[in-house]
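Here come two complexes built around subunit A, the first alongside subunit B, the second alongside subunit C.
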Partner chain A sequence: MPTAIKVMVDAAPWLLQGAVMTLETSLLAIALGLPVGIALAVAQRARLRMLRGFVSVYISFARGTPLFIQIMLVFFVLPSLGFDIPRFCAGVIALSLNSGAYIAEMIRGGLTAIPKGQVEAARALSMPRSLMWRHIILPQVLALILPPLTVEFTGLLKGSALLAVIGIVELTRTGQQMVAATFKPLEIWLMVGIFYFVMCYALAALTRYLERTTQVYRAV
Partner chain B sequence: MSSRLALCALLAVVGVTGQTAFATDLAEIKSRGTVVIGTEAAYAPFEYVEDGKIVGYDEDILNRIVAAWGVKLQQFDVPFAGILAGLDQKKFDFVATALIMNPDRVVKYAFTLPVARGDVVFAQLKGSHKMKGVDDLSGLVVGSGVPPGGPAVVLTHYNDKLKESGKGASNLLRFPSAPETFLALSNGQVDCVIQTDLVVQQAMKKQPDTFEIVGAVGDPFYIGWVARGDDTLLRDEVSAEIRKLRDSGELATLQEKWFGHRMEIPDSGYLPPGSK
Partner chain C sequence: MDFDFSVVAFGFPILLRGLVNTVLFCTISLPAGLVLGSAVALLRLSHRRVARLPAAVFVEIIRDTPFLVQAFLLFYGLPAFGVRLSAATAGVLVLSVHSGAYFAEAIRGAILSVPKGQLEAARALGMPYLHAMRRIVFPQMLGYLLPALTNQIIGAIKDSAVLSVITAPELSMAAQMVLGESFSPVETYAMVATIYWALIAAVSAGLMRLEKRLFRSDAAVPRPDTPRLALSALETTAS
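So, the complex of A and B:
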């Protein structure tokens, strides 16, 4: 058994490098995916029918196709249409576009919890829609959907493993490299699992903290 | 605000990681000053990562070629699933990773001069006696990589042939890579595995006294690198460098270093008719 532990300990510094790449891509994708999700959710309620149609097609596509395919599409197909994107960017864009669709759906769910009276009151005061979203709806909805958002963010972090296919050497790919070099799959994959767990646990702890500090918005 | 920060960070990273580039011949690569290579660095001893760097037999050859050309090397480690797609979409100039010249590949991609020659072999646990010979797989569970990996494809065809005489395997189990296949062999999940002899020898080196080779299947095969099917000019320029290394004896030295034996690299006849 000590040799197994030695294999794991030796692998740790290299896996840490992969984990940093996983964190970079995932955190950027979260930071970009959230505004994308909010924009989609707002667009879903827009007066323009075409915009609503576009959003619903977009969400169906993002939800109905594997993330793997979406990553391949962004990296391999967009260049043939004239958009040449570096791999890191393509990866982050694919993750955020995918995540945005899921977040939009969570927001849509959260909206049902906002009493209609609040929207009517805002209209009665002829408050502009942008103000209404910013000051009335979004603070409440975002606080409300923090638990499912945690699920989405941890899912995204683990889904970022698929970025290896376009040449981003993140945690899972680093694991594959180490397995190939050491011929010790069991020990390496266990260590990779521990790294993912720690990152996801930290992310979940952060959102639990946010849940506590946003209690004030959860009057509904 | 957080989104703006993220966008800035993203743009900064874009600036660092740079562009995608591809060339159709050496002149283009030289004028750019950098050659862009795709490698699946998870196939010891051909190419794998050690201490954070890609090393291996192919890597030694590649470094010599890049030095001869006087250009910089930009190399990406891409899993097998993305490597030929990446080549098609012009993400690399060519692919420097061990690829078996099988009939499906040679019509689509331009193979270089071979860098290695090997056999597809069956291996089992030392002294297990489960497998009597390569021509009888009946009642056995056979482990292999996932098609379109070379040995995995050989196994499919070979087993279909054996089935006609009732000597086919009872079950074929596929694994993501060679180390997992050998783990399954150690665990008893499979009775034997099929791999190239060059990789089996690597496994035997990593775990001494554990595995044994039962025998080879079919003809020996050649391993080379590939360029896009249309880029035969670039392919010829890479082949010319490999030929130089062969003729100077350097290739044989590298073969001794990584495989412990020498291989004969022919000038022609290694590709089936109809190849690029």
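So, the complex of A and C:
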């Protein structure tokens, strides 16, 4: 069916714009999610019991409720608290708050790979905790979690499709608009799927490459 | 911000009905996904390329596209072939297929965790392939399989929230109904989040208990020479 192919090819330039937006959104979300995750992971090891309790409730909530509901919550709660922010910001905030919890869990896993003697040595040298985190623990852990971080990024790329629901014009929202304009849902959604597939497949290849090249750090 | 408790009184019963539907969706889709996943996992481990390739392609396609787009494709795309499904049917179908691909990966990993010699020995003794899988490999892979499966099951429950976008009548769809009547998004979504949180906490606690029960002994994985023990434990828990 040549008309179907024509529909798909005609839609491609618009969908490409949407894909760029999807990539930007996900990149921003992971860039913000990483510091959130680091903060959570450090707070999880804090001496304050309250802080540790807060972190475990936060992580349990972020991992125990659908991302879709979290996006809706952020989208509606922030304005009602008096923060009048554009929907794009609400979407990115929701994604990064969610991914922060997953990154914190990754870091927690990575921490177990750091030999205990390193922390003990830092303490024995009476190194302040902040220095220990910045110079000894985090550099090693971050190298260790680089491959799973790209997996998380792939997850964000797919998760960002949900932002279409709050009206952010990324790849999926562009798809919805194209369907409304052409009345060809099959062709358009196939094409949207192909765009996502190409991005995620490329990222999976990157993950495998990083897994190979960061093996040096794993040998410790 | 004031939290309006009258919305809770009004919306909670509606949301509970939505929860029942979400549970219903999952109790149909997850077993279907498990059957599909087991078949795909076995195909992926076949030595025949004709069997391996389509299974691998299926898993890659599902894993590299968003659930939402899969739902749109199925719900809005199928009518082009003359197949018109209700939102609920399409929702169950897409959730089954989606979770099937993820289950397949978990099951494949679990099968690969059992030393190859186990299956080879069973086959050498003349056991049919599926029989050997069930009696020899399956009991030994349980220790590996259950944690992985728990993750995927929870993921599938969370994914089911997306089905409201194709108007399948589950919990987050009920949220939109409550929202339409009460115009109180904060209260509504806070309730919905709490209900999902409780559901997922209950499911993961249940699965963790099952895991503990199966491996009550100190061994992380049941001993290879007593494969039937694990199976009978599974049967008593299920009944």
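Note that in this section the second predicted complex is superposed on the first by the 201 of 220 C-alpha atoms of A that agree within 3 Å, B and C clash if a C-alpha of one lies under 4 Å from a C-alpha of the other, contacts with A are read in each partner's own complex, and residues count from 1 in each chain.
One rule holds in what follows: a residue touches a chain if its C-beta (ideal position, glycine included) is under 8 Å from a C-beta of that chain, and two chains touch if they have at least 3 such contacts.
Not measured: the values here are computed from a predicted model.
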Combined model on subunit A where subunit B meets subunit C, clash or fit: clash
First (subunit B), second (subunit C), both or neither touched by A:200: second
Which of subunit B and subunit C A:43 touches, first, second, both or neither: neither
Touched partner set for A:190, first subunit B, second subunit C, both or neither: second
First, second, both or neither for A:66, with subunit B first and subunit C second: second
First, second, both or neither for A:159, with subunit B first and subunit C second: second
Subunit B versus subunit C as contact partner of A:28, first or second or both or neither: first
Touched partner set for A:80, first subunit B, second subunit C, both or neither: both
First, second, both or neither for A:179, with subunit B first and subunit C second: both
First (subunit B), second (subunit C), both or neither touched by A:114: neither
Subunit C clash site on subunit B (candidates 55-63, 163-171 or 181-189): 181-189
Residues of subunit A at both interfaces, subunit B in one complex, subunit C in the other: 72, 76, 80, 164-165, 179, 185-186
Touch list for subunit B against partner subunit A, complex: 2-3, 5-7, 9-10, 13-14, 17-20, 38, 41-44, 48-52, 76-79, 81-82, 85-86, 88-91, 176-180, 182-183, 202-203, 206-207
Sites on subunit A touched by subunit C in the complex: 60-61, 64-70, 72-73, 76-77, 80-81, 154, 158-159, 161-162, 164-165, 172, 175, 179, 185-186, 189-190, 192-193, 196-197, 200-201, 204
Residue ranges of subunit C in contact with subunit A within the complex: 1, 60-61, 63-70, 72-73, 76-81, 154, 158-162, 164-165, 172, 175, 185-186, 189-190, 192-193, 196-197, 200-201, 204
Of subunit A, residues touching subunit B in the complex: 14, 17, 24, 28, 31-32, 34-35, 72, 75-76, 79-80, 84-89, 92, 164-167, 169, 173-174, 176-186
